[in-house]
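Chains: A, B, C and D, in written order; residue numbering restarts at 1 for each.
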């Protein structure tokens, strides 16, 4: 029997976390040959190098691609996309996968989708059809129009993909893969673990604690520093223990990093510990018990909805994303953020929401990927 | 008064032809600073280098970009896209345009759109929303999802762009710019002109003659040679004078070129002259008087609809494109092609169709481009 | 036992021909793991795609890299070097060779040498230290200064490499590998073989015949067409059967190709057959019996010296190269070329010269490569 | 009169500092059109963005190129070279300089030299012929073999360039341009200036103080962190005020940065202030009064030789470089470093050395550049 060669592209550490169950499922299927390509920020130590994690979890990669330009600005982001296409093309041309699977809306994902599409390799895309802010909003839908098989994570997204002219019988809402992972995870994070990594004072997470994850907004280049300073001041003044994650590699990240560095230097905040990343199990464990997640991460919209963790969502980055009742939206403003966090602390945990969750997501995705009839030539469905 | 810096990207010789009126209009406006970038196949002598034409017409370029990989295959096409992004990013970063305008659905266009979008420069896109075959079908819609201002050339296309979630007040159907050019053009092509360029025997275009333009179909890589041979045999056997245009640079072009070269070597056809390209005026002049255009060029769908030139459209490349009554669709097959051509010769010219034509297209596009309120952050319109 | 991983880089079809014995030797050694990377013009059908040849000969490659820009001009050559570095870096980073072996002075070779050098992988270089014209002269010595182990093909070259500050105990003159191949080859080329490939009239090589191989000179861009026309006229007027090889991919190649194409179209020469390339055995078989080789190929200096084939070497490309008595140097000029060819036809074959030949070249190179102590940090030897 | 177009490439902030006098001289000549290209780490804020400095000094650039890959490792360094070639090629092709001038031995310099050489643009190279450690040693000589005009900074270097086969009448030792700058500079650095930038405790430079500049050694990847920790411990234990410069962008820089970051977090040293860079005048002013410069910067070998500043040079990076008596070489070791620093503190300042200094360096270089007969085709001088 000919195995179907399914090539999974991992270009950020959160990709890996959110796809572990799919990867395991692919690896264990008899009718599948799993190919893994790792690259971009997923292999940059500053953003949470996943190579060690993968080894721990028993995955090996076929090719590793260094492609991220330094600068944390739009120029770097654009050029990284270009390099990514050149590199993915060579790799796909050598690995000859039957189908390439990508996830999300980042620039490296666009690279992989373009390379595969031009090589007449069908592209499967997880998490299309959502609406958000930043350049991700454009890129996500562009990837949809290059892809052949769609795994949106909710029904609104599925409807949008249909509207965009994709064939309904190639669009599957099996829920969000990371929520299945969340549902199955029971890891408990200790003070010891959290204080042996990162920088800043030790924090006590046996007490109510905050998590902060605020990434740059690419369409607000030039304002990201000023915006992060609002959040820094708010968290500092709240005085509650906080675990703060450094921002991802998107354009504007240097504005945010600089904001944080200067703040640390001048304020020497006692209640905040800054860490780069956590392995998937630890991350979910930490989020599960957080009193509130603050920032603009999609983890607040997705993982936290299922966990019932209260969220204060800041600014435009998640604009348009379908949200459960655990989220309070605020704009950039110290007082507004503080009030919202206090409100969430008063409220406490929310009931589990299933807007993004379905059981057996990974199994269903892999069933489909490994058996669906593949096609190359796309055609807008009127 | 601050002039709006409008950057026009020209990446194939047909781009140039089809955009001349817009370029003139942009150049003559007081409130516009026109920036021109030329690159890709537009500056490759094998595909009709436009630099000389531009000089003749009084246009100068700001930057010239060599970016096309050799090979005429999908790998080359994909990597060219990657290089294009890297290069366009540097150029846009240095020229700092207020808006970038691109046209069509080729890979270099995707490069320019991605570079501009990541740099937060609004993108205007001409000719989105059409439906066709080949990878162009995917790329055209991906560009739409990266673009901010849309100039589809017909109403069906406009409706699709709206369906894809773009804001209706940024989608303008002013007709197809090349048809305005066609309507204003009165150039007459002589035997002398046509026989001093290209290779093959001299042809007599005072008699009824054919034009042949058959490009590769990227999603039919491996079959392009066999398909072109059908057309070669058909045209050869028809015995009518024919002007045959070498294919463009798309993946699969080497299959077609090889088919033509071997055919010429073995058959030494007396009735066919092979040319690379013609300047816009000459091209339209030739098409206007052709007894029939054969192949899969969009010129058969667009320019020929207005001119009333009979067309035999072969294969899948123009699948889904809105067509006037001048077009007979056939699949790859010698006899089928011959019959269709004979049918068109019997029928003779068609009346002018206005499905793609509107008056003052260039003026309206430039009015809009130079004054419309620009925006950066996109958001899917539900 | 740990095998030494030796990575052989093949970037042109002539590389492959000239390295076959080394490749076989590497493949058969117990203490060596042979890695092969093919790319650049070696996989472009227009320049003699070697993938089929390799398969015939029982070699498989680890990675295939498409990297050549179209244009046949200096810009294309330079950018190809850049892409090559990006691509070789990824490939070396994934294959992790202990040593990379490259040959010659072309731009793709420079790419591979730079990528390996920066990755702290020792580089072995065949054929350094020669002196010639064109940009190759600069590139060859630059590669020497990036390389760690040197296999010059003659003693003058070895002395130059020592002068350039390289350590004498890492510089080995074992002769030129292709001459060992020539010495062992006994292939006889037939009329049938030569006339079933290429274009032009059939030629009769049972009669005295010429071979013509004239590549572009990169430092004479703009003059290559005019120069090739002199040779075309000379060969045409000589009227002797001639096998003409299309030029390689260097900058200026389009000037030469165009010169040939226009010449063929207008002159329809009866005595010349144009072919792209021949497999190594056939090539040497053809050269062995040629009455004279005309042009500027290094085959005239190297292979022909051993075979005793008379050579008319045109222009500056081989300036400075050590030559045996079989070579007459001429400049660009129809009469000069004709006179020199006639002189060579009168003279007939020359005795074998051993200036580039030594026995067991491949064995000695592989002995050294597989056992020599490797080092990374270079240091100019005063 | 036709002005000679001289294109100056600036790819690191120290390039700019060390070339200011040449840039001024070029700008003021009537027979010269100065073109400036800035790029690579020179425009990365993390490594001392020079755009602001240039504006302050009245220079404007023609093109700005973002090209540096993130990672601080050999892969990033190699790929940056590749991107650099692609980008410099486009820029040179558009600017059409008569001669390109580069300086030093970094990878971006290699990029520019390759791009220019392939485009048949003569390359002038400052500071060739020196001997050092790291990959710079290979790259410097490779650039020499690609360059046409050489400005070594000392006579030993000039002799090596002659030995490497370059024409003696195109090799000029006019001394080191930065020393002329040093000689003319009279800037005095205040406590206020130094303590308003950077991070760490305030230091008092009215007392004897150290400067520390230790960059990564690319051929010692994997050991750079351990090596920097020795220096950190030594400086910490010495307890004297120290100004520590973050490392440059070379492969291995992330090992060093991480070493410094972790050290700061754990040790919170009171005597060290960490800064990224200083403008040229301030830098020289600081060095002039330093009690000792510690690390492996070429500033210890060059600028400090003239200023008489005592230097403790650590490790292999400057191996082979001609040194004045102000330098004590030590290997990686805390005690060794401490002892050497104490010895230098006891000794105090050294007399001015002229081994790298000559008067009027900039004037002589520009006289030569603007008038020398240019050539393209290189040829090894036996």
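Some observations on this one:
To be clear about the criterion, contacts are C-beta pairs under 8 Å (C-beta built on N, C-alpha and C of every residue); 3 or more make two chains touch, one makes a residue touch a chain.
Source: prediction; values computed, not measured.
Between the contact lists of chain B and chain D, the overlap consists of A, C.
Ranked by distance of CA centroids from chain C, the top chain is A.
Chain B and chain C have Cα centroids lying 40 Å from one another. Here the spacing of chain A and chain C, counted between their Cα centres, is 50 Å. Residue positions 66, 75, 79, 83, 86-87, 89-90, 93 of chain A each touch two or more of the other chains. Residues of chain D that touch chain C in their complex: 74-75, 77-79, 81-87, 89-90, 93, 107, 110-111, 114-115, 117-120, 131, 133-135, 137-139, 141-146, 160, 163-165, 218-219, 221, 251, 316, 319-320, 376-380, 382.
The touching residues of chain C, counted against chain A in their complex, run 63-66, 83, 86-87, 89-91, 93-94.
By the touch criterion stated above, chain A contacts chain D in their complex at residues 44-46, 66-71, 73, 75-76, 79, 83, 199, 249, 254, 258, 261, 265.
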